[in-house]
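Down below is the structure, laid out as structure tokens.
Think of it as A, B, C, D, E and F in the order they're written, each chain with its own count starting at 1.
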Amino acid sequence: MSASTDRPHDQLRQVQIECGYLESNPASVLYRSGKTIVLCTASIERGVPPWMEGKGKGWVTAEYNMLPGSTSPRKRRDRSGKVDGRTTEIQRLIGRSLRAIIDLDALGERMITVDCDVLQADGGTRTASITGGFIALSLAVAQLAKQPASELPTLDPSAVLPQSVAAISVGVIQDDVVLDLDYQLDSAADVDMNVVMTGKGRFIEIQGTGEEATFDDAQLAKMLSLAKKGIAELTALQSEAISSAS
Amino acid sequence: MSASTDRPHDQLRQVQIECGYLESNPASVLYRSGKTIVLCTASIERGVPPWMEGKGKGWVTAEYNMLPGSTSPRKRRDRSGKVDGRTTEIQRLIGRSLRAIIDLDALGERMITVDCDVLQADGGTRTASITGGFIALSLAVAQLAKQPASELPTLDPSAVLPQSVAAISVGVIQDDVVLDLDYQLDSAADVDMNVVMTGKGRFIEIQGTGEEATFDDAQLAKMLSLAKKGIAELTALQSEAISSAS
Amino acid sequence: MSASTDRPHDQLRQVQIECGYLESNPASVLYRSGKTIVLCTASIERGVPPWMEGKGKGWVTAEYNMLPGSTSPRKRRDRSGKVDGRTTEIQRLIGRSLRAIIDLDALGERMITVDCDVLQADGGTRTASITGGFIALSLAVAQLAKQPASELPTLDPSAVLPQSVAAISVGVIQDDVVLDLDYQLDSAADVDMNVVMTGKGRFIEIQGTGEEATFDDAQLAKMLSLAKKGIAELTALQSEAISSAS
Amino acid sequence: MSASTDRPHDQLRQVQIECGYLESNPASVLYRSGKTIVLCTASIERGVPPWMEGKGKGWVTAEYNMLPGSTSPRKRRDRSGKVDGRTTEIQRLIGRSLRAIIDLDALGERMITVDCDVLQADGGTRTASITGGFIALSLAVAQLAKQPASELPTLDPSAVLPQSVAAISVGVIQDDVVLDLDYQLDSAADVDMNVVMTGKGRFIEIQGTGEEATFDDAQLAKMLSLAKKGIAELTALQSEAISSAS
Amino acid sequence: MSASTDRPHDQLRQVQIECGYLESNPASVLYRSGKTIVLCTASIERGVPPWMEGKGKGWVTAEYNMLPGSTSPRKRRDRSGKVDGRTTEIQRLIGRSLRAIIDLDALGERMITVDCDVLQADGGTRTASITGGFIALSLAVAQLAKQPASELPTLDPSAVLPQSVAAISVGVIQDDVVLDLDYQLDSAADVDMNVVMTGKGRFIEIQGTGEEATFDDAQLAKMLSLAKKGIAELTALQSEAISSAS
Amino acid sequence: MSASTDRPHDQLRQVQIECGYLESNPASVLYRSGKTIVLCTASIERGVPPWMEGKGKGWVTAEYNMLPGSTSPRKRRDRSGKVDGRTTEIQRLIGRSLRAIIDLDALGERMITVDCDVLQADGGTRTASITGGFIALSLAVAQLAKQPASELPTLDPSAVLPQSVAAISVGVIQDDVVLDLDYQLDSAADVDMNVVMTGKGRFIEIQGTGEEATFDDAQLAKMLSLAKKGIAELTALQSEAISSAS
């Protein structure tokens, strides 16, 4: 039996969080979930995109990318000028999830870009990006609070980020509901669902898909329940990492 | 009070289905849901994409596009070589939804492309594309059954399409759960959910999003219940339209 | 013998014009010439392109596109970032033809984009786009006259559009000169000529091509004569449709 | 009075033809018409495009480009991946004109690409490209006749190119009809017409355009008459240059 | 005085090499030179590019990329479809350097792609990529030797890679010659030279540039001498890391 | 023995310089080195790129392109939107070389673009572009000095261009060091080095590459010595051509 199926179906993979991974940017996080490794960095820019200007509000956006060496066989680099559909969907999801919990008014006219670059992919890269991306975002907000800008009002981190966000996948494999799908489990799943929730247990996003299968109410209920359990655990790990970093 | 808010919150907009809209292609459907108008055409090609060859299976894919004149102000035409993220997400969703209910083995080595071109957009274009796209797909399969191909096995429509698929949106507007969001309702919604189900009431896809809001279990339950009601009605309308066309 | 060859060689196909086809835009026209169907919509924007600014003049431009389902086999969607040469030529022709009869000074600093989207293609889509596009343009100008803009002078429709424009194809098929080529006739033609004229009978554009053939003075004279006859009939139909719509 | 207006309105600019301009390719021609300079080179490839394979026929295509330094102010280089509409139209016209007089069956499965690179632009670059491009094509065919290919039948130049092709512009300037428009004349013209004819005086292509003007039958007749005169003179010059080169 | 200028001008920055950084690919190396961090991964594919087929030889290519978070301010992601000129130059240099020391005949018909993704940039990323890329390449070749392929001859690592390659920068800062420029030194340099050499001390590539300055023979000689010293030290570190990994 | 190898290994090919080649632009130079022909034109624009504005400095940039007919077989035209790596490297090199000897402060807020279009390629096109490009640049500066601009300070040519620049290639062929590689020599060379120097004999750029070979100190010294000799000769020819043109 493979390593990945040794894990009980209601348990998360082991998570490791390294804050300040890059010396040049305190808001950089190396996030590991099992073999999946994502480098999340939050970069702050003064000013916002043209369509946001003059509203006194900030903006948060995210980009997602898998490094060519993150998979075997090697993934071709996105240099055709066309970002593939999967990448586009994922980075839009990360951006929406982060914007759901930040108070853009309290942020002021600043833009934060959260880059999620996957160094090694073993399933769950989008949920790892959301969970790790939130940590990078928190560290960036904390950094902003320490660097008062003359033209912009002083920033209160707890007003900017009153809530946290984390995400996890759940799935149905041969009628069994499983938490936190690695690549091997994901390949075997009939139904795949990503759940994004606040630290206080409210839904931000539910994306459940049966590519060549369907699911019923009971399976939906079980998946949501397991996802809640996982997100609660991730919320605790995020909180601990952010505290240690400050 | 505007026309759109006159409709009870648990009622669908009026649906009109015109099969065989284009004389040159029987598998063409003009699908109207209120003011939203989508032209769905299914085109059949012998053979499948390179990565599918030699498996004896067919393939179904979908493309979605909004005509420039479908919105006011005019929507710029997608000619930059970059399909925007929203379009990519929608056409991937339509394709997955149609593939969830077709038996690709029974289809044989044929490829069907379902084009969903939005002539007028008033909210709900992605769900209209799925619901209308299924009708176009059914008409294409019926057409295939009438045109036996010498090298390919004869095709049994009920084996190829043992189920139907339809989709509808639901949302939360000021704590009220509403069915079938037109543009005005969609703009006012705190939570927006698209639900794709089979005609037999099983889930294919759930996509629920709170862009700057969150939702709880009770709201989720109400949304799913209303979506089921709407999809049951659409399933009946689809069935009737397909019967009349044959 | 097919339907298309039943028509006498000096007769137009049947034309149907539906003004205000889209509820959201009065300047929308569904133009049918035989089986060819083009949806023409004129969209108005305040302001002009950068290189036109500050001259007190307006601008009219056109875009042309064939929907994938408009032909059999399906036409691939233009998403490569490269508009194909034929499309480019056609939309430049439509734009030039419309600008030849509009008084851009009288229009003031407004921009009108005429979109010509071909829903079904059976030959003559470019001339249908010009003829239908003029109707959409007229409806847009009429609409502007009803909506006085505070910063721009009131607009006199007859000053803006003192003339009309229409277009038709003619060709040589086995030494016979034929009016209004549908797809079948066009495929058989040795010479293909598109003629654009004002309602008063002056030439705006003549494009005559013998891809692998040549033509002489006598044939040229016959083609031009037949084109004039056809354009006079189209001018009457345009006038009638515009009157009915107002 | 400028040099260009000194020339009588029914006279061509001075033409200079230098065959074999590039030592590495005998089928290279430096073609000058007044200040307009076009370098035309014909390159031969074994084989044809995929869609032509197996028919035993050849193919001729053309590309047109203006060098950045050919105009003042400098013309930006086409490196965006989008060939501009004018360039596309011109190179399609050159290709059609050359294919109208070549016998592709007699050419056999070979492809000839005629490149027309404008070194200095002073109006009439497209007609210079056709006239000079024909010379390069003739030189390439002559070269092929001297180099028998083992797998392909021996080629008879007079069977491959039984006719010649040349092109010239005419225009209407303040009711005066003028032959061979240089940049200054072209800017002043109300109507601009390009005429492509065989050496034997039959039309291949007529493209007459009044961008913001129109023209009548009498003007059309005068323009065509003047074009015929010019093309007869160019045909003689082509013939002489080709003879001298061989 | 800043940390970077504390280092003597003839000393390398501290180098750290972590072989097998990614669990899924033994030929992955995390290479650190001071604050510069590059992840080098070598991916093996059976077969070679089309233009290399049938020669019995292999191919090595390299790609270079800076992650957006590797610099401050954030570097925009290369998604326009145009790889910028600097990136193109660098990845061509890496590829040439690796191909200079590998015996492509001994490699057989295999292709190795070396990806150099910069996680943190503090100057010298191209030379770090070459030095680290060689280690990844060596590990990939070692891996190939352990996995005999049925259709391909067994591979002898010392025949495939008889030599090593490493690279370093040198520069002139206010008439002082300096080894291994970090970002701060590079910004101050009048002349910047990258030197690529074999482990045995022969030149593979010299690229010396004075953007707004020039240099003379004496300065050139000093730069080359210092580069040789640095490369000898890097060669020893490479050798040690590769030995430890096997 | 071929023509190219008849030339002694320490001699330049024959150089021909035609200033003012295009009547419309005095700063145009047809530069020939043996069979290599490059058309260099310098175009002046008022103003500089956005990132240079307000500094009172000018800018010089270069573009390089090979015409399709310049090589046999024909080189495909760069129209994909991706400038190939070699082209990018070359035009960056030309730009850097010209900027190394111009005083951008003395130029004032003007931009000069030097276009180097290769009409015929027989090796050494990048060095011919630098050597010819400098002449075009000098002619443009001389032209500027004659055309005082009201808003910009009068320009002193000898202050703007206090030095000259020229370039040449050298190589190692079977242990023999050779000056000025034509295509045949370049193909045979084990090591290829391009050297860019001022007229006063200081280095601007050294680019030495052994694609599948290496070189030692003695070979490097010989190559540099031969390059210096060649550049001294080219400097004299440049000076003479510029004097004759004024």
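The rule is short, and it goes like this: contacts are C-beta pairs under 8 Å (C-beta built on N, C-alpha and C of every residue); 3 or more make two chains touch, one makes a residue touch a chain.
Treat the numbers as computed from the prediction; the structure is a model and nothing was measured.
Counting steps between touching chains, the shortest path from subunit D to subunit E takes 2. Any chain bridging subunit B and subunit C, meaning touching each of them, is missing here; the list is empty. Chain centre most remote from that of subunit B: F (centre = mean of CA atoms). Although subunit D and subunit F carry the same sequence, what matters here is overlap: shared residue numbers make up over half of all numbers found at their interface. Note: centroid distance subunit A to subunit C, computed from Cα atoms, is 51 Å. Subunit A and subunit D have CA centres that are 60 Å apart.
Once the centre of each chain is set as its mean CA position, subunit A and subunit E turn out to be 33 Å apart. Shown for subunit F are the residues that touch two or more other chains, namely 81-83. Taken pairwise by the contact criterion, the protein chains form one closed cycle in which every chain touches exactly two others. All chains form one closed ring of contacts, and listing them from subunit D in the direction of subunit F gives D, F, E, A, B, C.
Contact residues of subunit F toward subunit E in the complex are 81-83, 85, 88-89, 91-92, 96, 99-100, 193, 198, 202-217, 220, 224.
Contact residues on subunit A toward subunit E in their complex (touch as defined above): 22-25, 28, 35, 37, 39, 41, 43, 45, 63, 65, 67-74, 77-83, 113, 115, 117, 119-120, 122.
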